[in-house]
Amino acid sequence: MDRRDFLRWVGVASGASVLAGCDLNRKSEKLIPYLVPPEDGLIPGEATFVATSCTECPANCGVNARVRDARPVKLEGLAGHPVNDGALCIRGQAGLNHLYSVDRIRQPLMKDAAGTLAPATWEQALPRIASAIEAGGEHALLSGRTSGSLAALMDEFSARTGVRRLPEFELFSYAAVREANRALFGVAVVPSLSPDDADLVVTVGADVLETYGNPVAFSRALARRRDKGGRFAWYHVEPHASLTGFKASHRLVARPGTEAHVLSFLLHYVANHRPLDARTAAHVSRVPVVTAERASEITGIARESLDHMAEALARASNPLLVAGGVSVAHDGGLDVAHLAALIQAACGMPGRTVDFARATDYSRVGSMADMDRLAQRLEAGRVGMLMLFRVDPVARMSDERFAKALGRAAFLVGVGDMMNATLERCDVVLPLSHAMESWGDAEPVAGVLNVVQPAMTPLFDTLSDGDVLLRIMAEAGAAPQTSYQQYVADRWAREYGPGAGDLVKKGYVDRGATAGAPALREADHRFGFNAAAPAGGPVLVVAPSLRWYDGRGESLELLREIPDPLSTVTWDAWVSVGSETAASLGVRDEDELELRAGGWAARLPVRRQPGLARDVFMVQRGVVAVPAGWSRVSGEGSALVADLTVQPTGRRVRTTIVSGSFTEDGRGAVPGRHPAHFGPLAGMTHGGGEAVHGSREDVSFYPAPNYPKYRWAMAIDMDKCTGCSACIVACSVENNVPMSGREQHLRGREMQWIRIEPYYAPDGSAADFVPTMCQHCDYAPCEPVCPVYATYHNDEGLNAQVYNRCVGTRYCGNNCPYKQRRFNFFDFRERRHPLTLMVNPDVSQRGKGVMEKCTFCVQRIRKARDVAKDEKRDIREGDVTTACAQSCPGNAIVFGNLLDENSQVYQWAHDPRSTRLLEELGTSPAVFYLKKGNGHDA
Amino acid sequence: MDFLSQHIIPPTATHLQLLEFLAVVTYTIHLPYIALVIGSAAVAMWLTFSDHEMPNPLFARLAGDLIGIGLGSGLPMLVLGVLPMMVLPFIYGQWFVGAPHFPLKYIVLPIPGVILGLALLGLYRRSFRGRAARFHLHMALGTGGLLVLMGSYFALMSAIIRLQDPEKWFRLKNVVILLLNWNVIWKFLLFVHLGFALTGAAILFFVLRWRGRESVTDAEYAAFARRFGAGLGLAFCFAVPVFNLFYVFTSPDVVFDSTVYLLGAAVTVLTMIIAYAFVAALRSGQPRFGATTFSLFILVFVLSSTFDVRSMANANREHARLIETKAESERLEREAEIEAAMAASAGRNLGEETFNGVCMQCHRMNDRLVGPPLATVLTKYANNVDGLQNFVLNPVKINPEYPPMPNPGLSSARAKAVAEYLLGQMAAPADGAQPEAQTPTPTEVQSGQKSH
Amino acid sequence: MTHKTAPVPAAAGHPASEARLQIERDVISAMQKPGLAYWALVGFCAMVFVVCLLGAWAWQIYKGIGVGGQQNPVGWGIYIVNFVFWVGIAHSGTLISAVLFLFRSKFRASFNRAAEAMTVIAVMCAGMYPLIHLGRAWYFFWLLPYPNQRLLWTNFKSPLEWDVFAVSTYLTISVVFFYVGLIPDFAIVKRYTKGFSRHVYSALSLGWVGSKRQWRNYNMLYALLAGFAAPLVLSVHSVVSWDFAMGLVPGWHTTIFAPYFVAGAIFSGCAMVLTLCIPMRKIQKLERVMPIDHFEKLAKTMLFTSMIVGYAYIVEFLLAYYSGNVYEFGIFADRATGHYKYQYWGMVFCNMIVPLPLFIKRLRRSLAYLFITSIFVNIGMWLERFVIIITSLSKEFVPYAWGTYRPQPVEISITIGTFAFFFMMFLLFAKFLPVVAITEKKEEVH
Amino acid sequence: MARRVISAAIFGYFALFAVLILLLGFRWHTHRKAPDQPIAFSHEIHVGKLNLQCLFCHEDADKAMTAGVPSMKKCMDCHVAVKTETAGVQQLTEYWNNKEPVPWNRVHRIRIREHVHFSHKRHVSAGVACEQCHGQLAAMPRVRQVSSLKMGWCVSCHTENNAPTDCLICHR
């Protein structure tokens, strides 16, 4: 008991203070020794790393899990991995939240007499399933996309138990693309894209920076491409508004469903300007001709931009064109895919920028057509036991009919790790371990195999996916009892022989590309796009979500906390409406709209979205449940909802819109721009665009700051930054950033230390996404105003924030021109188990009433300093990097010591493009921004 | 410090307790006196000043009496004021002999200041009679003396209170750390307020009781003195528990055990009783309760100084224990030598007994237990009794595959005996069937030592 | 406690002494045992104070400061508004008592006691708010520079730290000033009371007998204190204004703040004096000791300061325009047209328009009109602080981080609580202390 | 009447302070800095009599942030044979045989410890002797917390030895 307690007890401020005494979470009173110390010389409090694989989406990036006290505390991209090479996307970073989610299923569940799912044991659940299998009937197994050993095991499973394995279900099934490739190249695969050497990229609907293919890989490649310099241009054609579109150098907005016209125009233009082989020519001849005028008229894209694009494509020596995403997800989608494939062939992309050898294997994945067949069989009551394995068709398709049909199955077995709409309908639910808790492997692209290995013992009474199948087989007497770990080990030994050993250490194996580029084949596809002009009227585009892909993991509060980069909406559902449309409907943000289409209706608050075409409305998958119609032609789930009726309900709904303004309003909030002047001073500028470095003695009364050894600094390349928000999640997990929840977001109390500030051009034609965090200014305005020195400048240039000295005057927050300080208005530490485990022990958790902010990951700097001291040296370049920089897929962030002339950050800071935010305030920040447009965006 | 430690014999546990007792006694004599001096001098000066401002015979007379009581003649000053202080350095010097950073000098340094203060107050008393003539000199003497006394006494007190907080000793060269400390400040305030309260009691006791009622003939003065004394005492009684609480509260955690807390509480309770006595004295027309209050106050001082001494002992209990063990081991050493001699004369083999008693826990001659088999290690000590003895007395880790050999804590005599015994065993045929036959008798040992 | 009024000593024949006695009687009779209604009012205020302020504050400390409306970017809410408001109110006290004393202006005597009391109470109210406003109120003592071994010191560069000293100094001086002024009056009041209260008053009068020596020392001391206090009138509110002027928040970061705030403070202070004294004069029948023309003088002061304030409003707008600085002008444009435009125009109306009719002598002398005006001005000055603090924060440099603030129930209830506290204290003052400086009033009579 | 009131008031006043002191005492008792341990392990014997080195048992003290409580195996290395007759060792062996760790009670219970990141490693490698913070363990039959571990104490030592006093050294 010390003086503070005492004052608190006798309640000097008032009797109230007594209550404040209860805010400390006491540490344990016991000290429990090891029985036998761990063999491998594990030092308590030191992190170890486990190389495994991300399973948040089919891209399967390699992951390096940082483990503290036998518990993963942070996921990082696996350096050197052929797919993601050290980077990780927003969803991958949030994988930890998935692992520690409060919605994890904690033990097997069985429907009791009342028909509600009640906790059970494996010993009860498995025999039930076995007997169901015995019972006979057409058993079926529906799973999400599987690869590697699990796929093999499933085949084995269905072979032995007679449970028919249905085509796997993925909402983003790439059906159209695969179909086109099958028809034209004879390989039904999703090729991977490599813009490494491309001089032109044309993406049609494919949101390559968000969900299409492997966004991380694409961003990485793009970054490599930009480093090479030289001419480079990127055209993006899309019906809606996507991050990818705004990051492309030219964004062409086509009317929904009319992309085929653009492509056919392009194809013919290319055919006329490039030498073609006979077969290609033959194909081209069968494609209805579309003139520039018609294309422009149909799509609403300006004539000259079409010409420019075509010209660029014709001239390009090594172009990359890909169509996908929403552009192929409608009835005309197959045409689009075909045309794209043809253009690829015509421009000789296969084997160069479009890599069929490194294809992602979707061969087992079916399409909506298969789901439709399944629904019919269910309705016909011809399905005995249906096993739904790590898949949630009910929620993904949000299709009444299918949901009903499921009920007709004789027996439903659900296998999954988190409760969802599908599992709720099951008779038996088997809980799965998270990838961090289980053995296995995954195949991101052909020739690469990721190891999945446990970083911790399972939190709950769960089994890994493989073990579940093996246990069921054993129970059904179809196979001897064995463990999945054994199974994969054997398989690896078979496949890779002795090399399998270091497979586990390295985390992956890359056997290199096998197949070469496929040749174009004869095929006849009748193009329907020219038949009739697409119907006008309002259209709803259901876009893939950056945060939850096709909607999976929408319940992860960590992702809900992160603003969607385009709309800056965090927790709530919303509908994006173009500015014109909004004006014509007379609605503002937060006004409620009622959307109706067919049987479906939804009431959603409006969020205006600059750059969204007239009469186009946009919602995100997962955020809003829209029945997934599908194209009878390709079997692709449809992203367009036509014959939409929209009307304002007149109600206003408070919505968690984080941003205060769309435009930067002449404030110079975008790197490279500077505040506008007006009145008598109009035309004068201060600050100026040129790079400003370090000290300001010339203008400052105060002595220049003196940094003996280090001046930690950060530089961000606005060309490379894709606004993908991975850094935000990485930061949140690394620094225990509080999750304040929807209520607080409504009151403007979001806590993220980094934010992506979208600033749109007034006409919505372009946008900048500015990542901002504490700028660690040399002359930080927050420092002199703190009455208790809770924030001060240390001699490594860090703007320190000492949480337990802070009394909470919030003056620093007011005085920070960048508004980068976050205040703990309540005690945000309280979480529900097991989310309480998602804590980085190296970082203090902040209690109520204290200010916090970005620390440049000071704990990592301390760690590096510790190591350096042991080796009797200083911290060197590469010893330390921040969580955001480490995770950035675009390599857009570098961190290091500004005093070290060889450091990357020094180079960038002295780049001619280098500038800093609000330079004219004279705060001299430590965060340098390389402003947009390094010349080679033609 | 050094010159002191030369004159100090390393004390044993009982000795330490005796010292603690002595300290309490010293404080019991010393503290109330100083408190009374400070209180009465201050009050007397206030009375004299008011009398000077607006003549008031009662004030003047009471002031005179107070000076008589508090500052007495030179003798009590010497006996009660100065000498006990002189004792303190010796008491603590012995208690803390050999303790690192022990801040003895801070206990010694303020003493002259205190003496000077007392002397000045003595002069002040002398100048009381002639104050009418040289009033300002008189007051100056009083104020000066009071300030010097209180200042240096604060320093002394803080030095002593600091003994309860060894964790800060290494910082004490910084005077701010020494003096600006809540614990000490509260303690001093407690002390001073007790002083004033005690003065109140003293008025009741000495003025109205001690000299007998007859000395105070006129009822008016008696009534005044009674009301003044009781009022003064009562007023300051109320301050006591507050400062006492703060003092207890700011004491470092290491000083406490349940007794200490009880002592702290007891001080408060006792003060309450005194307060009641004062109230009674105020109410009853008669000058009563003088003796009660005064003696109770002495008791309060006993309690609070016990509090301090016990705190000091608690905070440094390891130091005490180390001294104890040191003395203990020396005793053992002496005993062992005697025992060795006796054993030798009785023809028993001390070495063998020791080996079976102590070494056998970890060692066997030929097979490995916790320690290595002796047969393997002893060879390198062949004919090197002293070497083996040294090793046994303070072992060092040699063979990595064994845990280090702990110090068996043998007396050097035993160690020697065991060394000789073992080497004797080595010399003897390995089967060790008839050790007795081989054991060298003391005389042989003597000769053997001579030989190498 | 109750007063048993002793029979007033019979007046001597001399008219002057008669008049003096008259004053004494008037003031003393104002201290008659308060009626039940009066007590009820006091009790009500006390209850509101306990429930609305202490209760709400307890809740806030328990839950966290978030129960208020503060957020990013608006970190300071109406707590700070109230703080500045009360400090402003506190000013007229020192002005009227100290400055006017030094200027030997006579009309001070009618108000100075009330004004000083108001000052003391208002500073108490103001002093509460920085604490209430803290995120971790139980660590408030970290704001005080006390020696410690943690090598932790307060940051004297921080305007908030200056506040700590400004306010505490101001409180000390005004309390001492208030008390010293009361000493002779206590001695008088003592003569009129009996029983326990007599003991209290005599103790408070520190044995004042009105001897020559006492008066000599007294006048010396009083003049000295007045000398100390006078500069505070300027310094304290300048310091408070620097809380804002020192920040680089557009709308705060301007050099005119100090004079602007001081003028505003005096303005609001005079208004509050009127608000309090007009009813007091009526209720306690002090017409004789508080003549109208003294009120008129006060009204003139108010009018004058109102024009200074109005001038400031216009100037800062023009400054913002001439700066050509988009942030600066953005704020002012937003004040006039944005989310908080009603507060802004309300402020302009109350502080610039409403006082103007005071140019007319008849209105200046009509207490009813003055009362209404003063109420408006109080509201207006509160709004002024609201506008300055909240609008500036809500639209700062980075557009992404713009946000709007809305006071929450807890904040409002605490605000109400302080007003209750203020009135409770003032009501007690009006009954237990002589509300007019008797001795000074007597001096007026020759 | 008034007399009763007054004497009652006096009693209340003093009683209040007495009770407060006893409350302090109670709190001290509940958060004792020298808690009873499940096994009466004596540092006095192991460090004082047998003078074992601290690092022999607390082997991580110079490698890790935490000094670490020694593993049961470490105890059993010796006590499989040594002093097996004593009650304490028998208790220990019982724990060992049931393969359960001894639930030692923390001696150093630091409040708001999540704000301070203290590294034993750095201090040991800087040559700070264990006694300097943990006291004369050689004379502690039962370990107690001798240092307050308050910030003032840390900082004064840091300044004394020119160790860094940047807040970020300990607070993150």
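Just so it is clear, A, B, C and D label the chains in written order, and each chain counts residues from 1 on its own.
We take it that a residue touches a chain if its C-beta (ideal position, glycine included) is under 8 Å from a C-beta of that chain, and two chains touch if they have at least 3 such contacts.
Small disclaimer: the values here were computed from a predicted structure and weren't measured.
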Per the contact rule at the top, check every chain pair and give me the one with the most C-beta pairs in contact.
-> A-C
Point out which chain occupies the most central position, where each centre is the mean of Cα atoms.
-> D
Cα-centroid distance, chain B relative to chain C, in whole angstrom | 56
So, in whole Å, the Cα centroid of chain B is separated from that of chain D by 25
Inter-chain centre distance, chain A versus chain D - centres from mean C-alpha coordinates, in Å | 47
Where chain C and chain D are represented by their mean Cα positions, the distance between them in whole Å | 54
Could you check chain C for residues that touch two or more other chains and list them?
-> 149
Chain A, residues touching no fewer than two other chains | 805
Contacts with 2+ other chains: residues of chain D = 24, 28, 150, 153, 156
Would you pull the chain C residues touching chain B in the complex into a rising list?
-> 147, 149
Per the touch rule above, chain A residues touching chain C in the complex are 4, 7-8, 12-17, 19-20, 568, 658-661, 663-667, 669, 675-682, 684, 744, 747-750, 755, 757-759, 772, 781, 784-789, 805-811, 813-815, 817-819, 821-827, 848-851, 918, 921
Any idea which chain D residues touch chain A in the complex?
-> 24, 27-28, 31, 60, 63-66, 68-74, 96, 99-106, 109-115, 117, 119, 121-122, 125, 150, 166-169, 171-172
In the complex, the residues of chain A that touch chain D are 1-2, 24-37, 43-46, 792, 794-795, 798, 800, 802-805, 842-845, 855, 858-859, 862, 866, 869-870
Touching chain D in the complex: which residues of chain C?
-> 148-151
